[in-house]
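Okay, so chain A shows up in both of these, paired with chain B first and chain C after.
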Partner chain A sequence: MIHIAINKKLHGASADMQLDVNFEIKDGDFVALSGKSGSGKTTLLRILAGLEEANGIIHVEEEIWLDNNICKAVQKREIGFVFQDYALFDNMSVLQNLLYVKKDLVLANHLLHVTELTELKDRSPSTLSGGQKQRVALCRAMMKRPKILLLDEPLSALDPVMRSKLQNEIIALHKEFKTTTIMVSHDPSEIYRLSNRVLVLEDGKIINDGSTKDVLLRTKGSQKFSFEGELLEIKKVDVIFIAIIAIGQQLVEVVVGEDETKNLNIGDVVNVSTKAFSPTITQ
Partner chain B sequence: MIDILNSINYTPFLLSFKLAGITTLILFILCLPLAWYLSQTTSKSKPFLEAITALPIVLPPSVIGFYILYALSYNSPIGAFFKETLGIDLIFNFTGLVIASCFYSLPFMVQPLQSGFESLNKNMLEASYISGKSRFTTVLKVALPNIKPALMTAIIVTFAHTVGEFGVVLMIGGSIPDETKVASVAIYEMVEIMDYTSAHIYSGIMLVMSFLVLLGVYTFNQKQKFSGFIK
Partner chain C sequence: MNTLVAHVKEIKSVENLNIVKFDFEGVTLSMMSLELPESVKVGAKVKLGTKATHIAIAKGFSGEVSYSNQLHVKIIHVDNGELLSSIKLQAESTSLESIITRDSSDRMNLHVDDEVTAFIKANELSIVEVL
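Up next, the complex of A and B:
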């Protein structure tokens, strides 16, 4: 069990705010940390890692990492951290990057095998693709067999195919090592595939906390399809009005009544929902 | 021609290189922690420290020479302490030259190292701390190997700049043959006594060597596609 209750004043882009969170995580959980940029997600990870100071307590199992008197040094905390920009040691080969953390050749070779990097183990990180670099970073973070694995938007710089591949590898490693994991992510499908709990942060406070399904499937009542999108345009075609709405990367057209158009403004964030009795799924 | 080259006394060059070598080594050891601190700190004292380390670039060598001469002479507490307690003279000998050169060449070691450290990805350093490594190990195994061009620039330019100093060494060391008469001082004396042949040969050697050193640095840095020289 990990108990985190911390408080820190943050100097945000627009205004100062207070990061104030208090939550517990069960061992072996995979928690996704979501929310707008500037809401304090990365800072929270950095405080957990010991890279930034804060007031409060962090208890990991029986150990105290942070309280009024103790602040365990970053070197002593049993964490793995995967940065968005990989942060590999450019002066070392792939294998040396792993062995730098711990001289455990068996574990290093195993991790490289799981992530299909064995062939590349003598290469310099600067010659690798983004996806390969991030797999090396993931392996490096696991070399300490950490109690907590922290992932800071690890896949946001990768293309969809590579993302999906890396998600599988993260799942495989999580199953094998049972490492309690906290991942910052904006991508709902990624959160859904990987995590079993979601914390949503806004202005430094947790505004939503629940199982992945409860938080992500935004359905009300009996409505089964519900999407949030941005209203781009309302055009009049003959006698009807058509709203163009951007949902994720997809644009959709929805017929709206004349009365409804009066309450809608371009740029509004709107909810599009329907009772889908028999939707069609094709590949 | 060969007779003339053979008849030249090369001791001043050897002295210059010995002085530059020792100065570079001392400055490297002293400046590494200082440059690291300056690159990592957000303290309000940083601009003051940066201004102090950069002073030797803008001050006339005569000003630096005058202050160091005063500080090391028997008239000051420092000079008096060394003379009376330890029995060591600090001026008009080689030791004095090394001390003066360390002040004079300080910025040429600190600045490339500092900008090299500052150019490093902060996350890479943090990744090393998270891997359980101390600051010392991180500097040695991660930071330094990743700023090789800046390291080369710092060492070579400090060496070359020390070989090239004149005003400060003349004030602190005078011109004692085989002790403090370095190449630049020897050339000055040759011109004064109108021995233009020797002055030409000495100056020619200095010119060619300095050019080759700089060419070496810039070629290396171009290959590394990185320049860590003075910001």
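Up next, the complex of A and C:
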């Protein structure tokens, strides 16, 4: 069990705010931290890692990482950290990058095998693609067998195919090592695939905390198929009305009743939803 | 969207699939649904919704039909367009709209004050709001 209760004043882009969170994480959980930029997600990870000071407590199992008297140094906290950029040593081979953290050749070879990097182990990181570098960074973070793995948008710079491959590897590693993981991510499909719990941060406070499915399926009532969009136009055709709505990059048309048109204004942000029984899927 | 205020009477579940039965002014309505919000429980007052295009109309109906929801209603307004017709129905204290083809409206010779049956499939009824 990990208990985190943190309080810190942050200087945000528009205004100062208070990072104020208090939550527990079960061992082996994969928690996604989501929320708008500037909501305090990365700061929270940095405080956990010991890279930033804060008031409060961090208890990891029986150990105290932070309280009124103690603030464990970064290198004493058993933490693995993967950022968006790779921060690998280019003057060392892939394998040496891993062994630099801990001289455990068996573990290093095993991690390289799981992430399909064995053939690249003697290469310099500078010769690798972004996805390969990020896999090396992930392996390196696991070399200490950390108690907590912190991932800060680790896949956001990668293309969709590489993203999906790395997600599979993160799943495989999590299955094997059962490392308690906290990941900052904005991508709902990534959050859904990887995490079992989601914390949503806004202005330094947790505004939503629940199982991944409950938090991500933003639905009202029994409607399961739900999107937010902008109302562009309503036109009358025969005895019905057709609303044109922009959802992301896509325009959709929805037939609405006359009574509904009375409450709708062009430019409104609207929710388009239907039951899970109605849509069809094609490839 | 058509809305009806009803009370939850019964919830049957298999894994995350549910059939919910409602009491709408003495008439039983059924809804198919996946996960339900926690606030939907027996006794809860809810606003149900269905689109006008999801309501079928039968006149002088006899025999069996698979529509779970059958309401005996009276036509209060007919608006015939070129291709479609909007039929306003009085169901107990609630008024509903059904959009059908103009051809069907003509074929069935639908007029104000006709007593007809409105059919809604269980998957086309949804909970808009728990009241």
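Rule of thumb we're sticking to: the second predicted complex is superposed on the first by the 239 of 283 C-alpha atoms of A that agree within 3 Å, B and C clash if a C-alpha of one lies under 4 Å from a C-alpha of the other, contacts with A are read in each partner's own complex, and residues count from 1 in each chain.
Criterion: a residue touches a chain if its C-beta (ideal position, glycine included) is under 8 Å from a C-beta of that chain, and two chains touch if they have at least 3 such contacts.
Since the structure is predicted, the reported quantities are computational estimates derived from the model, not experimental observations.
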item: First (chain B), second (chain C), both or neither touched by A:165; value: neither
item: Partner chain(s) touched by A:277 [first = chain B, second = chain C, both, neither]; value: second
item: A:59 touches, of chain B and chain C: first, second, both or neither?; value: neither
item: Touching partner for A:240 - first (chain B), second (chain C), both, neither; value: second
item: Which superposed partner A:205 touches (first chain B, second chain C, both, neither); value: neither
item: First, second, both or neither for A:257, with chain B first and chain C second; value: second
item: Touching partner for A:91 - first (chain B), second (chain C), both, neither; value: first
item: Intersection of the chain A residues that touch chain B with those that touch chain C; value: none
item: Residues of chain A that touch chain C when the two form their complex; value: 217, 220-224, 238-240, 255-260, 275-278
item: Residues of chain C touching chain A in the complex; value: 1-2, 31-37, 40, 46, 49, 51-53, 79-86, 97, 99, 123-124, 126-130
item: Residue numbers on chain A that touch chain B, as the complex places them; value: 49, 51, 74-77, 79-81, 83, 85, 87-91, 100-101, 137, 140-141, 143-144
item: Contact set on chain B toward chain A in their complex; value: 121, 123-124, 126-134, 141-142, 145-146
